[in-house]
């Protein structure tokens, strides 16, 4: 067991486009960054398929993880240090949890988790606790240190103040990704005054509160978040790529179940299909591996798999129309029938995708417990929930917004020539959505 | 044959972090971007292994190619249009050449080209001229249009003005990549006033000249270029990753030649080894494919291949010392001998890497013909070569700067314990470099 | 009468921190910028006393005016040109109105207009129509051109499309000042994607509409506007400076009325006091003139004038407390009485200042006619009012926010020592606000 | 005498566009900022007449002074603290000297100092040492503290390390103004990585050295400085305005000497003319006062004064041609003669202005002593002068660049119609320059 406070002989820095520099003074952090499990995050894009919509969004979870670490470091070293409710003994724990919070993310995790019922937080925990380089480094602090890091990330740690630094409605994770994703996509949303927000953060018992003088910066953050969700994260073109990705995975799974004779066997996927993924299997999955298979499957005999893989690699995405699940359910069924008649399998070529977000919420006991509200520290020393002070936040508070779209391969329909009437029928239904 | 001037019903845009937006009005450009050969550039990083030094440098050749197109488009549509020496008939040719100029780049091309004696320009030409989606789109303009595009890119086209837009000491290619690479790495170099430079560009007979009122912006560009070369492109850590990559390729090649029984056969590399790469083979190579092999080879029996692949994937790079080829050649030989004694193959674990750059050069007949000088258009209508007007450019003009480094695996040496004396001998020699 | 379309032999540019460059190709615009009435705007700060809160806000109405011109120029030349509902014949009129729309602004206009019941729009009109250099330049186009420019600025021009470019809930004026004021103050609010907004603008009959694909950029603009109002324009410290300025003007007016023997006679103010300001008088007023008088009056015998001028020049501002006019009216009266007792004239040393803003409003017939709503052009070609499509805008639409503050000189109260009980009484009342 | 280390109960911040925020924790600094002598700097533009060339350059010496303070604060608190050669006891002295270093600057100081043989450093010293609010605040530290601050600013202080923070070839003063002036003018020069430079600064005996790993950032700073000098500070249009300003002052001085009956007496200038300027006289001079006089003098009977003042206020500047003092001295004399013949007084209407700069210099004993070289701290612990390590700096080191221009009123010449032949003669000579 060694002293977790060992400093590097010389501070190391990473040039970072978002924060200027990421500063590392602690040997422990430096060693964690050097582990193979952490380096693996370089091969997982932060925004999955978003690069097919915003070509700049090619950044990895590696750079985001460094960013979250840096934000927490600045909060602790430049704002919290010396504050009465802050326990300096939690510094290293907070930094490690910040750095490692996304460690279990796999490639294109949105689609993978959906199709294979995986949970990246489960794997983050395993990487931290099982036999890995990361675990070995963490254990140099103390035998229970990995466990404590895992608890912070899974939000079960007793000191909720530490938890709230990386998991709350305004935390280092969100503050980094909003700015980082805005920077790499190039959109003008996602900007807010993080320096100002950090300066008004105060540790207060078991959570972080914000001096009311910084309320407008917090409002601005919430608006940025809202815009990033609808402008970037839920962009309909990105969702089209996600739909195709999901359909590829479903198709491979079905073919595997049916003993289809793959030219390129889905070796790396086998344990996913059989639902007995080990940590070692999981760590081998990264984006190059997935894309390699897709490449190979472009040459499979199965026309559906082949077509979907080519679409993904060559970015021939599905088109979309607005869809109202309440009103248009019947029409969808009808459309599926017509697709079948035309020989286009609706299971793979017709898909509804829904996005939904709650920009900010106050506390509703028993409903969404994790949504702890943002509290302002008023000049008189009392706390006040954000939406009570901000008319703008109040206006959007608790208002869930949902969007449904129906995706389909326009090119196949336009090329379809066997039954002209059927084709017209399908196209005219799609036009009416 | 169709009219190359067909416009899209509605202008399309790509959000671009460097230029704000990339604007596409011509159907031909839109169709080229949609081809699979162009989409493939999404899977080739613009800066190869630089992301292992600057974590933000994960951007692809796809976004750079769009950028060069946009710069040329702005020059033509906003500056050249209507200028006496500009032939509007060359507009579409210029745009296509700009968009496609890097089409033949493969993954980590620096190392690949070195080890396998490839030339990306050769493949760019093949993609444009042979049976590809790109060729099919280009041929809609006229049967000889692909040929003309290829000529512009290979600098043999008769109208040197068009050539100089994308290949000269100050061209759209360089102006895009300096800014783009600066943006994604986050360094503060690489900024210059491109808007100003574009505004002072004038087509003058067969090349582009710059009104002398913009001289300082051009100076600034040359200084940016100089800084980017030494701060980013030739960064010693990036070169360490390149060294390892090169050694992996050399090792695989040697093993293949020696009929080594690979667990994972280098199928995609076979034609490279046999020096009969077809266009189809070449197009299948992208970064995910390469990284997939490296992943697999982490489990090979051959200890050298296995070690090098793990180093690359986990970023355990070689250390380096300054090296003077003139003075230290003997010492290097001695070191190789000691490595051999210690059982560390110097062919793979000791490497000299040299970087060299000429920041700007005036015209030297017979020497480096392609280095056409930058000409300023003086108020009196005469042309003057840049270094005659700018004292700063004159000061660095023609001065080649070269840097040599010797790379070696420090960790292996430190862990080596069989012959303590030998170890000390090696380490003390390395210290003296 | 000359051709208004005369171009300069060479385009002129102004380097502008907000728009990169301001481009001038038309001789008419160049000549207008060179007039003495337009150059006078260099001596009027864009944000009045805001520089006393945000030290960067020292920019003038000159740079804002150039900016509005440039925004309108880009809209017309890069978006509207060739659109069916746009009349290219209105181009020059629109550019002139954009450039000249603030021409009648005087120094610290907020306070001056309040105290002297002036209206800068009235003077803008006079400068355009009466005997000035600006008028002479405008008349070179046609005898009625000045009249038409004035009508556009006063919103009475028949072509409401032209009017709406510079006067609507989203116009070139607001788009420039939000960005410019954000830039110079350095706040992180005020950013929105103007390029995107401009690209989706469409002339539609008699106003500008916005393609619905750009809705989020418009939302972002409205949020920026909201934040700038409350964070910058209504900043309580700025309002403190405005209060003092207003009190100075009131005091001088009162002293003048009472034939007070000024050491430095308020010569330049005489016609303001006598309410017979001529255009020539008005044009002589600029910030240096006002500040010169304040300087001089720092030495007057009258203690109130002297104190207020010193406060303004040395930035010894009033402190403030929140004030509720409905509830605290009586307390204010009481306080005034106590001030009088203490020999502190409440007329000059106790002031309520109110700020109020309506972030966005839909159309309410008969109420606030000028608040024309923002219309989105939906994919089906129909128009839809913004707040019907945007849940965020709907949430804040029509919700007026008002803020009242009570200002007083804390330093005088703290220094007051003649009647200790009285002092405590006053301070304790102020504490209770 | 009080403790200079008294902290404010709450840190105060100024929003600053260049540094994000200026942080003030020390009561002493807060009190200095509040003095009337420091507030006066709000009424002196940082770049004098440059706003007539770059309209954004309207920022004051107030904001620059805050900026220099903030840079020194960051260097001390974030880099120097705890370094062996740094004496923490000099912290407050360094901060005060940084904040106050430009305190004695008057309006348009370049021209004023030239015409009236003034020296702003002399007045800075007087303000710090004589009976002022600044002096009163400084004396709260200790009776000799004002003297020590003055010594640091005049570079005579014994601890040269403190001096070099604000006066050396790379100091906080230059680092702030290059960035600030670039920001407000909007030019793309002036950017360098100040964070990087600060991180490699090391106190080393009696000066600041730079770790060699930051050499490229230092190179970039020197190039920025070079570009800012020639692109912004020596811009020929700005110099035209300076010429006119100088001529106004010379004319007023001459008229005063000749007992010219001013309508508006130059009261504030009297002690300048009589060369007995007291501190109180000097402090009354600020830009509004000067501009007020120019305003008034637009109506004087003297045609030269009247014309020059109108030119300055309305920005009707002189045109210029290149001038070679060695070759064209005779031609200038001839031109003066012809001007006189035409009734245009060459003393006021013909002026040569020279600009000259040495971008960087190494140490030359006995020549320009104050030009202390920049030293790099090499990995082996030795120091090496910058130009020995940087080929780019070496190339420009010690190379003085000078530029001469001849200014004249083109409009007067073009309007001149009394002697056509004489007019042609003058114009053709000017064309030949």
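Labels for the chains are A, B, C and D, by order of writing; each one numbers its residues from 1.
Note that in this section a contact is a pair of C-beta atoms (placed from the backbone, for glycine too) under 8 Å apart; a residue touches a chain by one contact, two chains touch by 3 or more.
By chain, UniProt protein names: A, B, C, D = HD domain-containing protein.
The shown structure was predicted, so the numbers you read here are calculated from the model rather than taken from an experiment.
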Task: Greatest separation from chain C (HD domain-containing protein) - chain, by CA centre - done: B
- [ ] Tally the contacting C-beta pairs at the A-D interface and at the B-D interface, and name the larger one.
- [x] B-D
Open item on the list: As a quick test, compute the distance in whole Å between the mean CA positions of chain A (HD domain-containing protein) and chain B (HD domain-containing protein).
Closed with: 32
Open item on the list: Taking the mean of the C-alpha atoms as each chain's centre, how many Å separate chain A (HD domain-containing protein) from chain D (HD domain-containing protein)?
Closed with: 51
Task: Between chain B (HD domain-containing protein) and chain D (HD domain-containing protein), centroid-to-centroid distance (C-alpha), Å - done: 44
Open item on the list: If a residue has to touch 2 or more other chains to count, which residues of chain A (HD domain-containing protein) qualify?
Closed with: 20, 187
Task: chain C (HD domain-containing protein) to chain B (HD domain-containing protein) touching residues, read off their complex - done: 13, 20-21, 195, 199
Open item on the list: Going by the contact rule set out above, which residues of chain A (HD domain-containing protein) touch chain B (HD domain-containing protein) in the complex?
Closed with: 14-18, 20, 34-36, 39, 42-43, 51-52, 54-56, 58-60, 62-63, 66, 183-187, 284, 286-292, 295, 310, 313-316
Task: Interface residues, chain B (HD domain-containing protein) side, partner chain D (HD domain-containing protein) - complex - done: 187-189, 191-193, 196, 216-217, 219-220, 223, 226-227, 230-231, 391-392, 395-396, 399, 401
